[in-house]
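Two complexes, one shared chain (chain A), two partners (chain B, chain C).
Right after this comes the complex of A and B.
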């Protein structure tokens, strides 16, 4: 019992020490500490040295006024610009911070404990800088090359899309410039195309072999839907050259517009078809299958492989289920007897 | 046996008290707090910017009893300070009012 009392007394003593220590801390808070970081004891020359040392550019020419605060300890991502083409100092065209963000006098001159005003041009999602102004920072250099000179008036420009909506400048991996990650950037807005690309028949976009920019020029084009070429067919023929022709026997809708039959982003009917044969074909070929009028001089005879002895009017439900079983050269034929696109 | 149990309980109570008084520093939370309050605009861990490096501050206050209280006052009252380049301005006041967060931040600085 004696031991118990001793232990209790010890606890009480130790417990009382903690508040005493805390109280001591609180008393210390009353001291004047305005001198804490004073460096006035240092010679003036040393202060000048410090200023000079701090004024060194970290990445870009003349970036010291920004990187004195925004250095690797504050925002390392900002300095990643050194790993991009915008950080190549040997190139005379390389901009500096203020080339894009503006001179930002108010931001640079700010003193005190309040939040400094924002730089003149900010490019984040919630930036107050108008999109046109933001884009002008990029276009001041990037408007003259052939890929971007049609930006003005393009669908993206007229819909107030900013360059930085898709591009990241302060990173060595700009997602939209990487074939594998680019589609995810485009799908952020183009959600319908994301769904279509997940259908059974699709261009190998998800597989990383085709990117949106293989067909589209997001910076503006003379073609429809921001296609890289002037027409849809011209764009498709870039890869599908065997469909280009010229053919001895053309299938007119093919030469006119691939999208008469195909949908570009994905379909559950292979190969990227808008509808299934024979319904797709019968959208145009809605007459009797055994037309008596030959399509050409060397195409006389009853169609469908049915001779007069079996039938003069072959059943459409019999012969029309798989049009391409016979009309295999649906994109056009160069065979002298290929008028019906059989061979 | 009874005595041993009582002694063990007392030991746990005592160590518990000390444990509360010297809680472990959460470095990530401290850095996050510093980042959130733009501390790194003027300070770095081991580099002199507009303000002294945190390591320099830690060395300055090493072994001083009032170190924590001094730094807490510095970041909560915003006194006028002279910066490394000789200019003067008010120190930024930390946004959080949570004493445990403030103590954690100061504790981290002093631990460097």
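Right after this comes the complex of A and C.
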């Protein structure tokens, strides 16, 4: 009976190791630690060590020592990194697990039934790894380019935002790099903008046609409010080049700062205006003809709204486009007779 | 993750037997296949193709403004994402490709593709289309297709209000606009909007670890139109400026083509990096003018009338369109690490923005040709930034930055004949104006320190000085061209963060800014009637024609306070709560003009993740803004002494109040129907209101209907109000491993009211304004969709 038992045990061990060897020959095959049957902690640790030594990399160079445990059943799916740019081994710059998570000696060398210590660097929401250390894992490769070299001291860096607060590394669908899903990532913190996007006048951000990153560089910039370009106007002109001029007749606040009149993230007053003419204009003009006249509701007026004139005769200076009924070229005019931005 | 250390209380022999049997006969085949499949599925690219149909219950320009759902009919849903390449197979090259398309059945469609050998080269192309609806309620008697630049009236239309006796003048009760049946019949509705078609191409090549080049190009083709008002002679006896305008709202063509391209050479060293780039942006407008016929007067220069139904000719008018222009910019960016603790980064840009589009046709030049046939405009922009950061100790980060932005407008200044709106197109000019090419220069110094007080506690202190200079290089006559030649603003910022407990994070910040602006109330405006200015003409002297004491808010001295605070509490593994708020206060130093403004916002968020893939999230946002303005009243009011150039005795105040409420609830529930069905829901509601309130504190009473100088109107405007409710429900049923059926339902309702549209309505427009009949958007739309997604 003892002899029979020994034979069976030997068969079991052999049987379990054979697939490992077979799997090792096939690059597309998964790893076979799943077929090691464990009977106690110590044999288990030994078995893992055996498999660690025998297993081959699944995705990244040198990942075997990690993927022997962090396999296809892991959640989130760590092996999906294969589908990302970080998973292309032919690119010499491609990292391996320990490039980001650290050598994690204690984690790898853990034996026993207790919960293993965490790897050196963890990136999850509740990670104990300081944000600066987490970010360093990314910045060691991604700081030396014109898009990220102003990260240090930028608004997001100084507010302790981690790269992984926005980015997901192990999935082929990184939400923040997809126009349709990027806003929900940004709105996690930028809640005022989330509400403003619901307003009647807005850029098509929620519709997935304009992304926050079309205007902003979240990694730091020399422009105001992390804008990609050097100035606000330069940023706006990327899409609204018709307002760039230079015009023969310039409107001074327009040439300086679009946000003197417009608000970019959403407004109750179309098109993305901070206020409605004629009140908008009255914030800067208080002299030329009707700009100095107060305008208000006229209870008796057929307008049921705004007029400074008689009930039957509302003035075009106040109604509809207000001042812009005549001064329609508010962004500048290139007409020789357009000095007052009329034409 | 598998736990291989789990103790198993199983008899060794039994286990061995089972193991032997399974290992030798079954497991090696089936289990390995399963595992291999799972691993392979994670490694291989995920392709998907989605096809389906959708139906929208009603047509609404506003609903389809950007969504591409413009019509009330059945449309096709088409999305795909296909990927491949040998790199996915783990072979020794980095070849990958991808083609994708989204919303193919709508006017918001996009297509893209990429091919790359990662680490060596990348290529990508893209196409993106966006229809931007502006309105579907615009009506006009002008004939001409949207997108064109010539609009004419039917010969039988006749003149409107041609009789000066019927011409309404502000302050004088007159007849309302009366359109004849023929004229009313000539109005037709146009769906106004623009279509943007964006084509892009990008390429990158990596020479070696140190050197790479990348190029991207984008071509934007814009068609359609936006609405613009065109003003011209009204038919009222000329000579009374501002009382003789005639306004038509027109479809201003957006016949635009913009080419943006960027070429960059990147160098990467051990301690430094440098990028040299060229950015070009070329804008072309297919037109340089917009012309229309004036329905208020007959013939080219006449104030005569023509009866509706007859063979009429009309006065032709024109205005300019956006001029073609170019922008070319050289950019240098780089950084150097002196040590692991000290880094320097910076950039330099030099750009030239030119515009030399030919002027519009000679019509309305005021009887003489301009001094040059085109502007030959040039603006040189220079930017430089330098930032030094140091982290000598782990707890302290220091940074110092300098930024410089210069807009140097080198365009020539000339004298141009100006023609008032009350003059016929080819009548002699009213007076001369001088163009003022504005320049400005901004220099910023920023100093900041981030200090880690203790574990989980950080303090940031920052100081910034912003120096702005404004002026003109040259103005005919050498006159000053701006009222505020300079300003200096000092800003101080304090921010504190604390990890109060393992689950609670707090943050608070306070910013203070003080702007000191120079302002010249003796400023003489350079635009408008320059001769009158120089001669001390009425309404054109001192302070650019504004009351002395009035300061335009962007140029006023100002103090600004900002306070914000927030808390995030992870109440449990499943429940996250967040609350934050912000308050800002601006105070302007101006006798007249904007006096102050306040903004407050409070946001509350809660997320409950009741399982790994299922959650409910809710948010609520409240925002409130106020702007208070104090302004001078009618210049001829007795208390003013009859001149505009002193602070008036009587003033009026105007307050803008903006209130915004938004709430949202979204949920994702998975694992239904045996794990095959998931339900996603999204409900949001927003209510935005803007109101203007005008008061006349200097007077005992306020008038309701008068422009008379002894009384002033006051009161509140009706709210500009928008109410939007949206409900989205999406159900995904996993038919099999590769197939998924999606059913979607969308309900969206918008209720809006805006006094803007009152002035556009038939019978309610000003006596000199052609109505458009446009209405504030209101809709309630139901949309359903069904699709099948194949994933492989």
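Simple rule for what comes next: the second predicted complex is superposed on the first by the 253 of 343 C-alpha atoms of A that agree within 3 Å, B and C clash if a C-alpha of one lies under 4 Å from a C-alpha of the other, contacts with A are read in each partner's own complex, and residues count from 1 in each chain.
As a working rule, a contact is a pair of C-beta atoms (placed from the backbone, for glycine too) under 8 Å apart; a residue touches a chain by one contact, two chains touch by 3 or more.
What you are looking at is a predicted structure, and each value in this text was computed from that prediction instead of being measured.
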Q) Should A:113 be classified as contacting the first partner (chain B), the second (chain C), both, or neither? A) both
Q: In the overlay, work out which of chain B or chain C sits against more residues of chain A.
A: C
Q) Touch check for A:285: first (chain B), second (chain C), both, or neither? A) second
(Q) Let me test your reading of the model: by the given contact rule, A:174 touches which partner, first (chain B), second (chain C), both or neither? (A) neither
(Q) Tell me the contact category for A:214 with respect to chain B and chain C: first, second, both or neither. (A) neither
Q: Would you check which partner chain A:243 touches, where first means chain B only, second means chain C only, and both and neither mean what they say?
A: second
Q: Check whether A:329 is in contact with chain B, with chain C, with both or with neither, and answer first, second, both or neither.
A: second
Q: Check the residue A:74 against both partner chains and state whether it touches chain B (first), chain C (second), both, or neither.
A: both
Q.
Based on the A-chain superposition described above, do chain B and chain C contact any of the same residues on chain A, and if so which?
A. 8, 11, 14-15, 18, 22, 26, 28-29, 31, 33-34, 36-40, 44, 47, 69-75, 112-113
(Q) Quick check on the complex: what are the chain A residues that touch chain B? (A) 3-4, 7-8, 10-11, 14-15, 18, 21-22, 24-26, 28-29, 31, 33-34, 36-40, 44, 47, 50-51, 54, 68-75, 111-113, 115
Q. Can you name the residues of chain B that touch chain A in the complex?
A. 3, 6-7, 10, 13-14, 17, 20-21, 35, 38, 40-45, 47-52, 57, 65-66, 68-74, 78-87, 89-93
